[in-house]
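Read through the structure below, which is laid out as structure tokens, and then see the notes.
A, B, C, D and E label the chains in the order they appear, each numbered from 1.
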């Protein structure tokens, strides 16, 4: 039984004949921030989706606090509650205001009282500088604001780990900053995080560890300085050269 | 007024005069040419008899109220049953397999048979099972036939709406720990229903027109009333009156449905 | 030089239309060519009087609507129990009447019913839309609830089987046939005298408006009435009409 | 077989047995309960008479060929006219204003009037203008009525297809120096038509069913033939036969249309 | 009458009440490459669309080789033929192969013979390294390949000026390079180009002149070195700081 907060052991996943994850081993310790980088199609999104069980894995196991959560037939809702996830896009429910988006799950799942959840939601909105946008609908918010609401919505369930899948990829360059600052904030608070990103500068700045994915494997990992200045594998070097142009 | 606006205003004036002249020419041609056909007087007498029009209009309008009534009570039934069937077809639990099969067969059958046949078969068949009056009324069973047919269409429309809600919306809800049921109720259905309002409006316009087919099993609604006048007066003008009455309702309704469809399409593209 | 010369749609032939299908006792077995049935027999007798050979008679089928549409027709005569009314006469021509039908009330299992107006008013009525039965029901009987209206005889019968209507009004021969053969448990409750209604139901052969053939047809029918051959045909095919009580 | 597959295979076996049992129970309930209704023997005799079924089936199938024929020659006319109307409605030159108005009125009128009324009015009205036989045939004018109605629908569908081609496609063509006409012909229409194939398939299924309504003006197609048998045999089974024949055609056709619509939707999302 | 190849004088454009171009003056000389940079919504795309007359301007004038092409009522097709444009996306005709895309306009507009245009098209495909993809449909090509075909399609009309509107914005980071190298190629051949872009590194490398747009005006312009190292206006500095993060 692995000791880390979250552990992956030999995780494999195929879609039809296309093997997308070809054996992933990874330990994420409490309070750690890990950035997944790699070319388009290398399996970053799939890995995140497998961790919170949106996709069932074919082989291997995924351990959360020493429990194998990839066991077939497990009740997934309580596990998913403990793992927050924010996607690149299509995230908020467009027919609900920002506040309703945030309150839905606490209301229906945690069965919190109206007062308790409103108080908590308002606290979160203030903390991320969105107090004045609480009653707007997603379409009335900028992309950056929408992503921050999505983060708040996940945080409202008080998850133990947060997964982020290229949450700045669909944003205008000028709006990227405000979303990244939210992540800095979370890191300072000690949240355990796993983040797929194309923002190399940001990854270098905040990550505790960088994992370079290629062809469904973690080809190389290490601390940011080492990865960006002295990558070991030729494939890593080629990738970094192309994107750091 | 800037340079561009001045130019455009001038263009507009030119267009309008060309358009006015050409419209007038075309209209004049129609008005002059058609009455030259040899049978025109007979056709005019049979189809465009002003006195018959005036005489039958009030009664036909009254008969149309029966269409409106049948329409009014069919609509909620259709929407309710359509939603039920759509959900049945989407059911995933294995024990609900018969429900799923039933939904599929239901939709196939009632979309596949011409509505007039369904009206005959249900409108005369079910009452024959021995129901006492008033439970064997053709109004009831004709309505049932319409409800069965149209709820099949509405179910398909709703199902397409449910499926059109992007998988990432379901995913987002499930990732928050919501149950399948809550996901459907709070996240998927509200979006799905909003999206299919335009398509369903189209269905309702079609329904409004098909209510007239109930006349074949007895009710004296507008089409039947026109038929009675036709045989009484040996004149088809009452059908024209009926067409005009339908247009008064369906043209605004289809226009509105189109407007909704366009708005919906624009919002998505 | 016979009367019909150049007046028929195909020279030397007389094209007669009937319903699709044609009903007993007006035409037997839906086969007018056999001359069996009242209208079929009248048709051949009429054709004979007008100077056509038996084989010169051509049969065709039309619906009611096709018969009254404006414009060219593909028949010379149309015989399917058309009632002569002044309004129809404006659009098409009718021959002199060849039969005058009393209206009769068809019910199902009517043992508990009596043929009086008070009873009839309480019944739920059904009639065929294209017949003149509807005005008779509305004006003479004036039932308490509005009648239901159908396209043809069989739909009326089916509605009666389904219990949706209690009674229907037909011309007497049709009512007798439906009550005896088609409608299980059917019964003709009573008849109105033919001349009692304001517009007695005279059946005439229908022709296009202004058809020059009309004078030939009328002449032949007058002759048939005078020499008793029309009455003989009526006696042969429609004799069961006796014994149905009159409605007061 | 990996761990996941083994688990899923087991789940599937369990589902199948539950599904089998529950389907059997529901079917049994229907088969046992309905015949207990008091009027069942009469209804069975009227609607489910096997000998009538067998006797009328071949003739009805033959009559259905007339529906198929009318359908076959209507379709190209509908598509052609529909395209013309769609282009007319999209015309921008001011001199073509009457054309645009005409297109709009045309679509409003023929979508607004129940098709049965159009069939009565055109099928009986135009021949009355004094056309000699065979030019007054109800086949011709009934077909015209269908073509007019359905081309209005098809025109709207095509127009929506044309408008759904993204403005950037037109822009790209115009930026290359192509004329309006070439842009429509080479860039917009090929894409628009491909997109509306599924929606038009749906129209064709509806048309196939509405061909039956021509029976009301004379042609002895399947619905009329069923009516004749009904009158002759005083039995509604022929309508059931007609319904079955329709299902044999329309179910595969609607399923195919649905498949196209789904594929189309998936391709876009 | 301005002397440059392309000249804008006081160009204004509003959509309803929203003034998008608030008076633009710009001269583009033959063989020059100009990069437009600026925040989202600053009017870069609108400017390019006004130049080749996709949008009619409200005020001002646009001169091409000494002719005012913004005169209302001009025949636009011959002007557009001389100005090629490539957009961010939705560019190729999806129902035609790459070759057919390229040949459509030469066939219908220039009425070139089949031989002549095939020869020319093949030459262009080879030149940009796409000879083996000529018969593929747009959906079968990667985003970078599609954009290169779009460039070839515009070049097949032998334009005198090329306009590019963020042609790499929708591409995966790894594919951006191949499209930019096409632009370097064109520059080397002396094509006159006007380019809206968010790729600051590239702009700095190849542009003869950088124009910074803000609120529908060209707020500042100059050679790349000066613009990136010593921007004059505070707004320019703020923008460059945000995007060069």
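Simple rule for what comes next: a contact is a pair of C-beta atoms (placed from the backbone, for glycine too) under 8 Å apart; a residue touches a chain by one contact, two chains touch by 3 or more.
The chain list, named the UniProt way, goes like this: A, E = Amino acid ABC transporter, ATP-binding protein, putative; B, D = Glutamine ABC transporter, permease protein, putative.
Predicted model, so just to flag it, every value in this text is computed and none were measured.
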item: Neighbouring chains common to chain C and chain E, by label; value: B, D
item: Inter-centroid spacing, chain B versus chain A (mean Cα positions, whole Å); value: 47
item: Computed distance of Cα centres, chain C from chain A, in Å; value: 84
item: Chain B-chain D separation of Cα centroids, rounded to whole Å; value: 15
item: Two or more partner chains touched - positions in chain C; value: 65, 69-71, 158, 161
item: Multi-chain contact residues (two or more partners), chain D; value: 42, 46, 120, 124-125, 128-131, 166, 236
item: Touching pairs among all chains present in the structure; value: A-B, A-D, A-E, B-C, B-D, B-E, C-D, D-E
item: Footprint of chain A on chain D - complex, ascending; value: 2-5, 7-8
item: Sites on chain B touched by chain C in the complex; value: 39, 42-43, 45-47, 124, 127-128, 130-133, 136-138, 215-220, 224, 227-228, 230-236
item: Chain B - residues contacting chain A, complex; value: 166, 168-169, 171-179, 182, 186-187, 190-191, 194
item: Chain B-facing residues of chain A, complex; value: 52, 54, 77-78, 80-81, 83-85, 87, 89-95, 104-105, 108-109, 153-154, 157
item: Of chain E, residues touching chain B in the complex; value: 12, 56-59, 72-73
